[in-house]
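See the structures that follow.
You will see chain A twice below: alongside chain B first, and alongside chain C after that.
This part shows the complex of A and B:
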């Protein structure tokens, strides 16, 4: 090639691609033993039989963790979505000029805050508050509803993890929605107002216009929530459990890895089982994030942003 | 009439949403301050230099963890920054080429990647062959987490330079190396430095990638790059899970220290910019 500049830079790009490929390869090879032994059962059963010195007696199924990851992340998105839309609309349309910028700075701080600080706050503040003021009253009065049917003992539950994750991903989701909402041409706003629409009706129409951005923010926020580890593992309860109730303790894939990996090496197949769980998280994360990014990119192209 | 009611409800709704969005941060800062300040007062400055107290008695300090965080963040920067900057430059210089586009896509995906998976990966390729947790493994994991941020910032900084500067530099007869690294790099400096600082601030607070790589060390400051090393977030994570009252106090103190460091780095940075990506 005639471009020495390009050639000398290429090795570094190759390194990044190489690392990524190696990562995929490592996840596949490391989870291979458990696939060979159990097949698809690793993903569709909820068992955790770890016996020392007898690899044949071991059996692992991580369905509870997959269920917990999806459950808590959906809760997080359900909490984050209304908050982030409300916040974005407020900041762009209604916040007084003076507090606009500070509000955005605050959410940026929240998005960058070390997650362990959310974790310690979750354990010592959020868990007792939710247990005493939300879970207990709901359980005592409405335990016939399946969602509220589990007696909240410690307060460590899907709900706690979902709420904490919701708080953590709201700033991120709202920054995406904010950018999209800001891009809506001013003439649209004028046009709708000139028809005599109320502010509520205008916002409703404009939000319809940025629907793809909102869908993308849901996917990307889900991707963040599903990958979060330490804050969740501190509040989710870490129990192999598949229960419909919000108040039941459970596991998530990342908290399962965080909790079990340290001791996994004394067993024959546990490391492999945890890598298989990691591979699943890998794939979910990839699908959700690529989906979100494609939708976002298409929208920006289409609207000429 | 109904429209007016809806309007009122809507305005109340978004105001409440906005308040609920930012309120947790105030409560978190308030709680960390209320719980952490007494601990720091009681332990004094030694909190920053002493080693961890035994379970159940006294406070000691978090010196090894602070030192470890400094060591692995520095090492991670040494490993990650050069690769990240050059990759970012490549993506900015060849935005239309297939490799350039793929690089950009890959970087954006890596930015959203669950960090625990990075830790697991480094464990498998470095910790197991070496037979022990180590500072270098922790640094590699953090470097992989940091890289996409720095690369994306670098790319954007280069792309935001008006094309005329590039033309002018080329018209002087400079080679592409000199155009990019002498002329354009100077102009993109602010964006690049921002990316580096944000990347470093981000990884200094990371816990998940360190769980199975750095290993943690509470009593020994530094034993070598191939030996386990502590980190402040990791220490907090481990202390919370202990049943001892004094360990919880230390965890709050350490959280306050971490929060202050984060705010001290992040806030000036954020205020000097229009927007950031996190």
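This part shows the complex of A and C:
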């Protein structure tokens, strides 16, 4: 009955779970002061009034940062998904043996690069290129479309942050999809080919087969994008701004925390407000993961039925 | 016998090694943290000073005035540097732990930099500057700017305003100046280490982290305007705006114009024992024909007494050195200005080191 191995694993499980619970608890208790002072307004307003001598005069609302975090991360996933699926399929199915390994190694290096490297590249290369060759022309010709309706202010925008994030999470997402795609048993492939399917049709069917892997890669990529700090902070503009257009500058939760935390404790409530913003990242993570679980469940049912 | 000699030899070497490693024990380590603005200057001082006093090691971490204040309060560091003087609340809290001493160590200026191809020597006055940073003036060829620069070839391009995204003493000095010269700014925005920039809400403002961030953003974007520390602007070869001072003259920031501003106000510097009484405003928009209007002290905060007597002596010696030798022009980094001698001698006398 008693399995010593099982019992010996328990502390590890308890530790992982305990760390997570403690973190949430710390974030929650640290954000309590601002909840008591402002209530839900911390999440539904867009203001940032920091007053040094008078804590009553302070007011924080991080809606712009929440909006920016979600906006840029969705953009990143939209960009990263086709890129990483295409890349994974090419590497596994088509790449000649000679360049296959180098391609894989390169993406693995890209996935592990410090994010500040992407950030600097973003500021000096991506921002001017997107501003001059993407945003300006689109704004000048299609400004009646809400997405393009904002005259680009110097290239710092949701779009730049989204593209940069997309590039950053692509190697990460593609290595997950690649491994999943590689694991598809060869007999399946043969079976579909034997039915006379074209290469495109085979790929389509096999990708459907590894759908859970793709969903998992989206979730993880989204999680990485939402939590990315330094690189985004360099290109997103860091302004408390809520605008539907891709070209408007904005803020994200993690860059807000990175920017403001240094001096936050000289104010009465700012530390608490930043903790509350961080707490919301947990909520976003939770929502995204539950969403992923629901998709996977449907998939399992569909297969079963 | 040979074996014994060998063992004795090994032992003697080991022992010799011991005595050598024990020697540096007498080194005194002084740790400091705080404002990034005076960091190049502080580092230069530390470099020269510790060459003269090899038994003292001084470390300084630049992480922002506010962080330095907090580190000092938590007693994580022996001294702190802060651009704005300490607030009264914090001062009273510190006094419960011992007598803090705060004194200016160097003078700097905040300059307005811009990226406007083909336009040199841009002239602005406080009111126009405030309107630009509020977003009320949208284009470079606005009437208000034109009037101040009749000869310049101003383009019809939208102004991009770059400000600090992190909380910073530079922003506090700059917004305090704008509050002094523009009533509208004082009412709508006010002064602080971080403010709610109205120009952000119209989408023509962007925030960038630190002086390097602002500098990069201004360089990258034609038709932008921002503010950085003078030392930084000089290092990066920026074109700086000539600002109209209280006497109505247009001046650029340099040693002469900064010294002129300081000499106007040196009587107003409070005793280091009452550092919180210092008012940032007195140095801003100073009178005098040749005074640059956005000038600020950078301060150092130390305890009067330390638990370790040796450390106390070392800190006080460093302080005395900074306020005497350190103020000589060969020990001052380009872009900063030393304190006038009457100020330093007064400060030294009040600290009890005169």
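In the analysis below, the second predicted complex is superposed on the first by the 257 of 305 C-alpha atoms of A that agree within 3 Å, B and C clash if a C-alpha of one lies under 4 Å from a C-alpha of the other, contacts with A are read in each partner's own complex, and residues count from 1 in each chain.
Keep in mind that, in the parts below, a contact is a pair of C-beta atoms (placed from the backbone, for glycine too) under 8 Å apart; a residue touches a chain by one contact, two chains touch by 3 or more.
Note that this is a predicted model, so its numbers are computed, not measured.
> For A:144, decide between first (touching chain B), second (touching chain C), both and neither.
Once the two structures are laid over each other on A, A:144 reaches no partner at all.
> Per the contact definition in the header, classify A:123: touching chain B only (first), chain C only (second), both, or neither.
So A:123 meets both chain B and chain C here.
> Quick one: is A:6 in contact with chain B, with chain C, with both, or with neither? Answer first, second, both or neither.
In the superposition, A:6 touches chain B alone.
> By residue count, is chain A touched more by chain B or by chain C?
Tallying touched residues of chain A, the top partner is B.
> Once the shared chain is lined up, is A:262 touching chain B (first), chain C (second), both, or neither of them?
both
> In the superposed arrangement, does A:234 touch chain B (first), chain C (second), both or neither?
both
> Which chain A residues lie in the overlap of the chain B contact set and the chain C contact set?
Common interface on chain A, chain B vs chain C: 123-124, 234, 258, 262.
> Can you list the chain A residues touching chain B in their complex?
Residue positions touching the partner: 3-6, 9-10, 12-13, 15-17, 19-20, 22-23, 26-27, 30, 82-87, 89-91, 94-95, 103-121, 123-125, 167, 170-172, 174-175, 198-201, 203, 220, 223-224, 226-230, 234, 254, 257-258, 261-262, 274-275, 278, 281-282, 285-286, 289-290, 293.
> Would you tell me which residues of chain A are touching chain C in their complex?
Touching chain C from chain A are residues 47-53, 123-124, 127-128, 150-151, 153-156, 233-234, 237-241, 243, 248-249, 255, 258-260, 262-266.
> Under the definition above, what is the set of chain B residues touching chain A in their complex?
Residues 3-4, 6-7, 9-11, 13-18, 20-22, 24-25, 27-28, 31-32, 35, 82-83, 86-87, 89-90, 93-94, 99, 102-103, 105-110, 112-118, 120-121, 123-125, 144, 147, 151, 175-177, 180, 198, 201-202, 204-208, 211-212, 233, 236-237, 240-241, 248, 251-252, 255, 258-259, 262-263, 266-267, 270-271, 275-276, 278 of chain B touch chain A in their complex.
> Using the touch rule from the top, collect the residues of chain C that touch chain A in their complex.
63-67, 69-70, 87, 89-90, 158, 160, 165-168, 192-197, 200-201, 203-209, 213, 216-217, 220-221, 224
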